[in-house]
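Two complexes come next, and they have one chain in common, chain A, joined by chain B in the first and chain C in the second.
Presenting the complex of A and B:
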């Protein structure tokens, strides 16, 4: 393979004169997007009576989609496809320009195809979403500090819960595969770029257009349904619900494109000698995650389209008066919804598996078992969705089989635990923050997993369903395990992504604050839930006040920890200690390239001759 | 600086790029397959539940079995003609043009059908029932398939006259487009033709 770098050599990249590409960026995208949105809104408002509920929904939905399309037009996303259509393919110069080499910080605001730029864009997108969702969590916990003393009104509380939920779910779905799957993964496998660089940029910018749409929900009356948006509640909800629906539909497109791209990259672009048993475990985990998302998200998308049609065209998918049923929504939602838990979790686990061998200087214990564990989780995850519907009254005779399949997931999960524990066994850990993250992950995942067993059990679920116990459980798995894994990954790969070491003292302080605060927060919530406090309710009986106050204190501790981490990330990016090429002494390929990483990553294509965890056994 | 305009930016061999593109499209077909599955699942779920007798309410309209086939046959023709184009590159442009015309006709027929479905209650503007809702959504999905296919077919026609495209990569793109055409024909038969025949 001849790399792009060797073609270009040391010469300056010529500016492809007269090409439209050079004139477009996020600013033009914003302008065109707003013009499209205003034009659509005004045009449709003049022809449809917006005082009629369903017609108003039509106008709002069309406006949101046209904003997204307009932004993509304005930033130049369709130049490549249109040029392909008319047989005038992009020239090498134009492709080089789109790769953004030598364009400095401005390339982060363009339709840039370099996977490293896309990775950084995803990183800041995730940070933004986590900051927004985290702020909402703080407001929720502030409201719950007192029984009866409202910091916000009940409708605003409902909206906060819904928006916090969906914001965090979107953030966590992309938290690992977005930044690290784009920036690190191609280098890890020895590739020059992603398989489809333009689609890579598309996946990010499509997602970016969904963020303002989601935020607009706040100004349209909010989302009163929780993130699950169960029908028929969602069908009857106010105009803010349109923002939720449009966001999910746009996000599903982004996820499908990103999932296809990552999967195709790993399958077809691995370096010479990188057989499947030499692929770094993070790459396997990321691939399993996105491959699971490819078939899972379209069903979610269909549920959203049906909800949108019920709201906008008065169809009858979920309206029992005209032959619909809320059960259909629950099926479509959870057929995606439960695999989505593993779409979030698996990359976090895989990051921990990547980190542990490096910091205990031992090979990964049973690579095969890890892969089998991931495959087992992915396979079983599509067979368990109805455990979310035990209490819905749907098919009680199927509760038993779904209980069995759900509990069977503990087997591959246990296998993954075994792999991590086996790697730690007799090792001499280097207790840097990524390694501390691995220990925190194990603790949190253990609690999240065990508490989940009670919810998979039909009799226990009858009592715990819909309580704060459920909230505490899934936060242990999604935040305590998956987000902890992603944060460990951020500290671990930060030197490669920024050229600087993350401020060590700040990262230690933030780690302990987050983890201690986390245990306090959800311990209180487990107590409240076990005693019967329902979730998603703005007020509670005074008997729950102590556990809620404990939770709120924990939440603020977590919040302070994340603020310190954010400060460390921002500050170290410019002022941090210059990172050596391989600060952790790791053996995967990303540590063999310098910072800044060359445009096509490697001067000469690497040849892999051994597995990535050949550290040898530590002395006993 | 090289002014080579023909090849992929990575400068991988055209066969490698072509194979990669075909894999990408097949993965997108998996996603689309899940989408189509959800449409069919919804149809049969609501049909079998027949909540409050609302699947096809009293006096409700239904479509003739042939209605679905009318908008699927152009898809099948396009997929078959595209296969001929792949086998006989010397007449590729003619075959691709026929496929494009077939798709354009099918898209028009699908749009026309959607615009004139007899399901909407004149007074309230609401749909008659779950059957009407499902059939309409399936028709919308089929129209989406048509739009993507027309884009691809138009591109193949326009590009076939160009000399500045790589013929090896182009032949892979024919095969890649073939995967999509075959898939939407199968999806059309399953979702638009066979599924609605179970009323």
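Presenting the complex of A and C:
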């Protein structure tokens, strides 16, 4: 234990003796969850014939949902609601206990309501997902190193593609709003905690129960569909598909709860004096993101429920033989799918906007343009979904209008660039790793945006759709821009979240390895796509071998970079240089609180008199 | 910047601009920007046509041109963004303490306005260009609809087959006569596929019980690849076949050798 942790440990631990809450943690959750799952599986298998396709699906889905519910029962998620049902509530002592203050490491494995604990839980959840998804990416690239050579078999390859996709999508949806939205954001706005601390804990633990469900897909034969899970392929798929469906349904509950909680917190709990034009831009970005997720994700959930019903009750929503259509699925999916891209991107952008003024020592250029940019992107993003369906044959007449809305997004995106460039202009940047991330972001977002322009164009998409070009394009936006923003945010806020500086040399090395490897990886993929290689293929014609080998070399470089970053994060957590209170000299509120951050963040509620970008020679 | 500006407080507009343009950071950013724009124009014009397979149809020709033109439109955008970013990156503060504060520029109305207008104009150009291209393609297909040869394309896990109702034959290879418009009527017998004769620059999904259309006119003799561009299960990667654009005589003699062969029905 370092000195910092012993300080935490020395506080008096509230101990509501004999309360059920004190006896529950992730371990009891695991036990009850597994008991629920086994009970459900055994019970249903005895009554339903699992050799019948749809009955087997019923049993598996029920088992997965019961695991999730069982885990939540076992960890004590329902103690509060049950007390309310019988007209009582948790005692003050119990509530303090649930906040986890002074309980050391063990609070991270409990149903803990402290937003800082939830933030760290999310951080490690994200790291786990990224590690799993990244390993799958390495296996995909290894398989594609040779044409005709088989590192993995075709069904395993298809599962890798789909599970890599969904793992990374889930990871990136929560990568910024999970760790930083929970840990940093309430402090940034001067709040003592989130608006609904118990729901905050619920959103994390619901998500946590989805991770084993997702992993179970491997033991049920994988998924053949890719993360888009298009029907009717998903309806004829094997039992592994149930794991995918259950994961998304559980995840959608988690995002709904988290999104509502973050939105409510920002709207109602800002510090005195923090009018809307004084809110840090990251808070705006995170709020836009989660607020966009609230209407978007239910359609994904509906699509998954309908797929599950087609598979388990033979309903035929997506079965053309009985009047259904796969196009319905594609619509529901992309009505979620396109806003979801911006759910991922906007917080990443906002982190970069938060970082640049600090390291250039200039005010954020045109705060209004940034807000208008976010609002414009969010508004337009719900009107563009059918650009994923240009070539589906659904209503070719409507391709034109969707092309117009899609290309209009370049206007608010242009504002985002203007804000960052305007802040850089006339400044002398301090090139610490977070600031390097801003430059990488600009380059990657530019490439991702411009290649998006080709894809948004119907005639060009006629060639590029479904090719490796698309894969390269969206990795530039999601990984190159959004994940780069999140990693920059991790380096930036690491001192506040851990009390230590992130190892500087390791983070420099990892930054350059990741970014250079990334360019090589996707340059190769752009070439392969232009040459005409379809995406999601386990094998390819020998003419594509050079571009694929370039990609694989780049992918390994990225992989090594991330391993170094992971090492730095783990190592510096305990052994890093002790961080000063405000290592970057930033003006947002989170840098005014010490580490460890007190339970209610501020001793006296802060009063805000200006926005946090008051840098500059002539400011006073 | 009108003539109403108070001349005592502000220099004449032209002079301010001149002074601005002579600043070394402006000069350097502009220089970087111009170089980057040039590089993108040259690379886009050179590499897209090089990477993309030889165009064998009217559609594919238009697509290669479109990729090049879009690169040219976006090159100045890259120039502006990367020029400013590169100058700022090179002009960095060294040391372990934060740099001194820069100028407290909160915003600049004319710049924001100009930037919004220019990006909107560029977006408009892209939209108009795309719509015009799309329109001319659909006009061409409407014009050609009369004398187009119909090919019924059937996707199944994991093979393509092609019916030629005009000749009463079917095949697993896609043979097309040169310079005759062809109209593909695409359907799937199971899951979604995507019909992609690569060098013809045409693509459309195959759906169950819902016919989709695509058309083009082959303009160059030679072999081409037919692939599936929508993940369709286990052997998606191998769901490919070849096709050939042939002279009319060759096509007719191929048709006669196929006569009566209806094994895919």
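In this section, the second predicted complex is superposed on the first by the 604 of 620 C-alpha atoms of A that agree within 3 Å, B and C clash if a C-alpha of one lies under 4 Å from a C-alpha of the other, contacts with A are read in each partner's own complex, and residues count from 1 in each chain.
The rule is simple: a contact is a pair of C-beta atoms (placed from the backbone, for glycine too) under 8 Å apart; a residue touches a chain by one contact, two chains touch by 3 or more.
None of these values were measured; they are calculated from a predicted model.
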item	value
Combined model on chain A: chain C and chain B, fit or clash	fit
Which superposed partner A:458 touches (first chain B, second chain C, both, neither)	second
Contacts of A:404 with chain B and chain C, given as first, second, both or neither	second
Touching partner for A:241 - first (chain B), second (chain C), both, neither	neither
Per-residue contact with chain A, leading partner among chain C and chain B	C
Touched partner set for A:226, first chain B, second chain C, both or neither	second
First (chain B), second (chain C), both or neither touched by A:320	both
First, second, both or neither for A:193, with chain B first and chain C second	first
First (chain B), second (chain C), both or neither touched by A:530	second
Minimum C-alpha separation between chain B and chain C after superposing on chain A, in Å	8
Doubly contacted chain A residues - partners chain C and chain B	320-321, 325, 327
Contacting residues of chain C [partner chain A, same complex]	25, 48, 51-53, 59-60, 62-63, 66-67, 70, 74, 77-78, 80-82, 84-85, 88-89, 91-93, 95, 98-108, 111-112, 115-116, 119-120, 122-123, 126-127, 129-131, 133-134, 137-138, 186, 190-192, 194, 196, 198-199, 201-205, 207-210, 212-213, 225, 227-238, 240
In the complex with chain B, residue positions of chain A that touch it	1-4, 7-8, 11, 14, 54, 81, 84-89, 91-93, 95-96, 99, 113, 192-193, 195-197, 199, 256, 259-261, 263-264, 267-269, 294-299, 301-303, 305-306, 309-310, 313-317, 320-325, 327-328, 331-332, 335, 600
Chain B - residues contacting chain A, complex	1-7, 9-12, 16, 19-21, 23-24, 27-28, 30-35, 37-39, 41-42, 45-46, 49-57, 124-134, 136-137, 151, 154-155, 158-159, 161-162, 164-165
Touch list for chain A against partner chain C, complex	154-155, 157-158, 161, 224-226, 228, 230, 232-233, 236, 320-321, 325-327, 358-363, 365-369, 391-393, 396, 399-400, 403-404, 407-408, 410-411, 414-415, 417-418, 421-422, 424-431, 439, 442-443, 446, 450, 453-454, 456-460, 462-463, 465-467, 527, 530-532, 534-541, 584-585, 614-619
